[in-house]
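Taking it in order: structure first as structure tokens, then the write-up.
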Amino acid sequence: MDYITSIKPLLTVLVSLAVIPFLIVTSKKPNIRESCTFIAGGVKFLLVLSMLPAILAGNKIVFNMFEIASGVSIAFKVDGLGMLFAIVASSLWIVTSMYSIGYMRTLNEHGQTRYYCFFALAIFATIGVAFSANLLTLYLFYEILSLATYPLVTHHQDKKSRISGRRYLIFILGTSIALVLPAMLYCYHITGTLDFSIHGIFASGQISKPALTVVLLMFVFGFAKAGLMPFHSWLPAAMVAPTPVSALLHAVAVVKVGVFSIVRVIVCIFGIDLLASFNLGVVVASLASITIIVSSCIAMSQDELKRRLAFSTVSQLSYIILGVALLTPQGQLGGIIHIVMHAFGKITLFFCAGAIFVATGKKYISQMKGLGKQMPITFAAFFIGALGVIGLPPTGGFFSKWFILIGTIESTQKLFLIVLLLSSFLNAFYFLPIIYQAFFSKDEKEQNLPVQIKEAPLFCVIPIVITAIISVILFFTPNVFINLIKIALGI
Amino acid sequence: MPWQIDLIVLIFVILCAITAISVKDLLSTAILFGAYSFMMCLLWAIMGAVDVAFTEASVGAGVSTVFFVAAVFNTTRRTKD
Amino acid sequence: MKYIGLLIVAVCGGILLSATSDFPDWGYSQSPASTYLSNHYIEKSIEETGVPNLVTSVLADYRSFDTMFETAVIFCAGLVCFLLLRNYNRQKKFFYRHISTGVVLCFKDNCKNLPASKKFEQMDADWIPHDLIIMTVCRILIPFIQIYALYVVAHGDFSPGGGFQGGVIFGSSFILLAISYNLQTAMKKIKEKILGLLSALGVLIYVGIGIICMFLGGNFLDYSQLAKILPVDPIHVRALGMLGVEIGVGIAVMAVMVVIYVNIASEGRHDEGL
Amino acid sequence: MTDFFIGIMTKYNYWLYIILMMIGLYAMIVKNNLIKKIVGMNIFQTAIILFYISIGYKTNATIPIIKNAHGDHGTGAHKLIIHAADYINPLPHVLMLTAIVVSVATFGVALALSVKIYQRYQTLEEDEIRMRLREK
Amino acid sequence: MIKTFYPALLVIAPLLAALLCSGFSWIQKKFCYPIVLVGLAISLFSAFKLLMIVLTSGTIQYRMAGWAPPFGIEYRIDLLNAVVLLIVSAIALINLVASHKSVLQDMKEKLGAFYSVYVLFVTGLLGVVATGDLFNLYVLLEITSLTSYALIAMGDPDRSPIASLNYLFIGVIGASFYLLGVGYLYIMTGSLNMINVADILQNLHGSSAVLIGFIFCMLGLWIKMALFPLHIWLPNAYSYTSISVGRLIAPLMTKIMVYVMIRLMLNVFGFNYIFETLELSKVVVWIASIAIIAGGVMALAQKNVKKIFAYIIVSEIGYMVGGAWLGNQTGMTGSILHIINDAVMTFALFLVVGNITFCLKNAHLNNFKGLFSKMPWTMAGLVLAGFSIIGVPPTCGFFSKWYLILGGIEAGAYHFVGALIISSLICAILFFKIFEISFFESSIQNKQQNEHKNHDKIAGITEAPVSMLISLGLTSATLIILGVYSDSIVKNIITPFLTQYKMVI
């Protein structure tokens, strides 16, 4: 295993930052502006891919920027975990950009330049989190992401988005300042370093169990983007954002960054062995289980499609945490690969929700009776996405659920097995009725209306199809991702 | 210099200070303040600080008092305490 | 408020008093303060600077940098008074008195001042008839006061006094003029512009001497360097440097005292004083 | 007990200076009239000056002007012999000259400010000014 | 011993500029501004030169009037000095450029006097930082105070004179306490030179007079820097001034006082005396923690942006004082770093307020509605400065907070750490309140007027003048640059400085 020093990680991160001036300059010409976004997305994705072979060969790519304090620097390190996350985020940026064009132009939204700029900034931060080599760098990009997404969440600038934006900030920024920062500084105070290492940074006996428990909980709750209860309520609130934002940020970038950070902390700061020796995995896993069950239940009672998806996200995120917190190899594998599988599944679902809104202006599930016939592609994709999230073949989601299940069996806590099975059932219970309604029931009132509902514009539909297809492809070739995780975890 | 004189002047200084801040007419305050400065200047002369005493005599007892009176004339003599 | 004040005062006083037990006795000649630095000043001053008045030598030579800023403080006070109070809006009413008859005329509402004439004189609104004795005595005294002020400035090296005291005395001669006659008379003798220029000039002399020393290769205000351009030996030239500095201080202080008085007395309108 | 009295006898000056200081401070904190506060301020400053001057005082010593030094500046053939104990410490005097100047400057500025305040509010009482401000 | 004339030039150039400016104001007014500009530029240049010299060849001692230190006055430029000097002169110069337009509007006949008072203020500050003599410090402090009273009184004609007079009273008490403290020290040591006093004090650690001297020096400085219970003068004084003055005084005055406090602590009394002989440090850290919280809470209650920022300053003072009194190297490093950072941060904040008041004539929160679209660049500066105050990573505020919190953890002062965290949260609330108002409210009005179209153009208010924007841009860039280079600042300047004064454990 070699360390390769290369500037590529930095370039990858900076691409989306560098495109912002172009976006501002070309704000008067939407076509050029959006092609800029596309080019940046493509370049970014290619850069990420160009690093893939080296990572798969078991190497790590590092790049040190500058030192901040003794022992801590702003540095990038690409390993399997980061690579996995970067591939997901950068590929989905391209798709989402395409979708944004369709969505924003059709709805004639205001402040589109601002929207694209902050979108690019958010992706910049996301890739930064993926590639960061230590906790400080991660924290830096985490904060940038929190702030960059605020204007996106409150894009409509009305009273509702103002309230949601406030809640979003209080939860995200408040927890990261109040919990993560002191916890991070405490770790630095004890160990003198924050660099990620697969064995954790704590030497044995350096930290007592009560202190470790407190710090661990501070991290787990502090990264509130992961939406662990009780710090989840920003996520449904943030659904006031335009759908592309919800799709990319709240199904992929933001929430996954939270989960990714928790994974990083558990695996690379504390280390599996340390947590296992103190038997602390159970604590986190129990928290995650509670979140899974409770939020699934709440999701069933939601009528607004995006809110239902949001609560579904909350529960799915906790799968990842649960998987990792089981502290068994298969459980971790399942948890981490769920980042990928859930991303593609959930983004499809969000895209569909947006497409329905664009085409019909409908937000509520109860209004969607019979829409399946007018929008067959959209609802077919919705079906695939739902399958992916529930964890049924032929979608990639199957693998993640499968591995997590094996993980629970490996671990001694059989209770989590029950949780998983129960929640999968609940998942099915809140998704499948939508599809059933869409295809097989008819709305009496709608038929009288003269307006014929069609599919959403092409720019909306193509991304949906792409992500749905990828979800299916992932069922057949999940090996790249599994290998990446195995390399990263040394399994 | 015998310490008795020193003590007497000191007590005068303190008396002047107390009356200057407690008298209910600002013009009287101005004059008492001048007296205070002059006493102070005496005290310094006793202690051998001739240069300082000279300065205080010209500034504290002289010009400052004039400024003070000018300010009082342009504002008011009335005060509640 | 009263009790809070008493409390604060009592606490501060108590703290301060408690430490006096550690002090050397009052007037004790072997205390650190009277032996450490002061011995050097007392014993070496004549040798090093040639000025018998130790206060002057320390003030204008050893700690001349302090004194420069002291002058700057005074300059600053003048500027501040000007900045705060100077008011270019003229008063609404003017009073003129016909000298021979004593008839008083009142001009209202933004009228211009009459040109100076021998028949009319401008007078203050709350005019009190001039007291002949005061006017005469002051007119006689003022030149003597000014001469004395010059003496105090010039003789500061040898006897108590120096630029600051002399400057104040010189300034107070103008103030006396303003009080005994009226502000207009004094302002005719020494105009506002002149005062402003003089106050800057005084400090400028001080700083200038320092800068000349710097140009001659020494440190700032190192008077011994002046020996390179003046035909005096390096020790006596220090006395000369001090004299120059004191003159600067005197000019600045004189001007500033008048500026402060004029601005306070006329509320910045420069028309009528006390 | 005797120690205590000796302590008082040798240090009473310091005590009185501190009392004077506290009178000034009290006036600054408690008095309601701005001019009174200014007077208190000046008393406070002069008390500190007094304190400094007394630091420099030495019993059995004379004013800090060297005797018999007129004319020859002490560098000539007959060098003056100077005993430090004969002269009062000049350093506090120098410092306090500066402090006096500073206090006069502050005094002037304070008076100018109070005149300005009077022009605006027609009063010098702090509570009345506060009342007017609240009315606005 | 390095021969250089820059220490003198540093102070003399602005003093000379003040004199010439005041002289020329009677003769030809249009020379005033260039003279002042040149004076401050020279001073900035010499500060820069000094920093270079100090970095290469160590501490500079400059003997004023040519007399050796305990007898004459010495200017002592060490590493920290040089940096602080650079910041002071740079901020003064940038603000001069930025405020030229508004000063021309406000001052008219008194232009020359105003500028010369302005430069005298800067002279005083530079002198306070550079001097190595306890009494000289007092004189320069008085110059600074006297000019700041005047400058503050030039603001809002209704309230600023009374705010200024209150400031004067409290400032005089502070300066007099300092003078008294120096008197107590002088009585015990007989010397006034800082280094010399420090040497003599080594043998006097048990003396109660020295203790009282120390307490009164500190009390005086705390009053001047507005540490929490003594802060009452600050909010009014800073918020009722004209903005061109507030921008100069608010970032510099309090920070310089903190610097002086640290200098006295390290240079004069010494680390051992303060943290080992005395047991005050715990009390002071508690006070600082309370100050941090109190400042934040009071800021929350304000409606005027200037007042909000003034209370933030109160809270930031708590950071620095607490950090300095934690009694370990990390805390002190954080405190020193925060002096530098906070000066720039506060300056950026007040530049923003300046731009806004220049365009809106008022800094009340209600007027902020829709400012993001009307003044995007200014608001971008506000966002950056706000993030820095909150402590969001790439900006410099984060790094000083980093050291402060670490120092707190090291010293076991968890209340201080808690206060810092809570204050960050409060600042976050404060700034996002401002952002929210300026981001949202316009759009509601706007939608009524013309729905989604023409969102970016609203009649009336436009961006501030270019000179102001450039100043703001420079300062905001500095926020990031300082953040990025914070480690090299710590390694090359603060740690050697602390090593020099035996602060390394």
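A, B, C, D and E label the chains in the order they appear, each numbered from 1.
One rule holds in what follows: contacts are C-beta pairs under 8 Å (C-beta built on N, C-alpha and C of every residue); 3 or more make two chains touch, one makes a residue touch a chain.
Keep in mind it's a predicted model, so treat the numbers as computed, not measured.
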Starting at subunit A, fewest touch steps before arriving at subunit D: 2
Chains touching both subunit C and subunit E, listed by label: D
Chain labels contacting subunit D and also subunit E: C
Which of B-D and C-D has more C-beta contact pairs: C-D
Longest centre-to-centre distance from subunit B, chain (CA-based): A
Farthest chain (mean CA position) relative to subunit C: A
Most central chain, judged by mean C-alpha position against the global CA mean: E
Chain centre separation in whole Å, for subunit E relative to subunit B (CA means): 38
Distance between the centres, which are taken as Cα means, of subunit B and subunit A, whole angstrom: 78
Rounded Å distance, subunit A centre to subunit E centre (Cα mean): 43
Rounded Å distance between subunit B and subunit C, as computed from the means of their C-alpha atoms: 19
Residue list for subunit B, restricted to those that touch at least two other chains: 50-51, 55, 59, 63, 67, 71, 74
Junction residues of subunit C - those touching two or more other chains: 16, 20-21, 23, 31, 33-35, 37-38, 41, 53, 55, 59, 63, 66, 70, 73, 76-77, 80, 84, 160, 164, 260, 264, 267
Overlap residues in subunit E, where contacts from two or more other chains coincide: 135, 139, 142, 146, 149-150, 153, 161, 180, 186-187, 192
Chains grouped in pairs wherever the two touch, ordered by label: A-E, B-C, B-D, C-D, C-E, D-E
Subunit D-touching residues of subunit E, taken from the complex the two chains share: 135, 138-139, 142, 146, 149-150, 153, 157-159, 161-162, 164-165, 168-169, 172-173, 176, 179-180, 183, 186-187, 192
Subunit E residues touching subunit C - in the complex, by the definition given at the top: 5, 8, 12, 15-16, 18-20, 22-23, 25-27, 62-67, 70-73, 109-110, 113-114, 116-117, 120, 123, 127, 133, 135-136, 139-140, 142-143, 146-147, 149-150, 153-154, 161, 180, 184, 186-192, 200, 207-213, 215-216
Partner subunit D, residues of subunit C touching it in the complex: 1-2, 4-6, 8-10, 12-13, 16-17, 20-21, 23, 25-29, 31, 33-35, 37-39, 41-43, 45-47, 50-55, 57-59, 63, 66-67, 70, 73-74, 76-77, 80-81, 84-85, 158-160, 164, 235-236, 239, 260, 263-264, 267
Contact footprint of subunit D on subunit B as seen in their complex: 6-7, 10-11, 13-14, 17-18, 20-21, 26, 29, 33, 36-37, 40, 43-44, 47-52, 55-56, 59-60, 63-64, 67-68, 71-72, 74-76, 79-81
Subunit B residues touching subunit C - in the complex, by the definition given at the top: 50-51, 53-55, 58-59, 62-63, 66-67, 69-71, 73-74
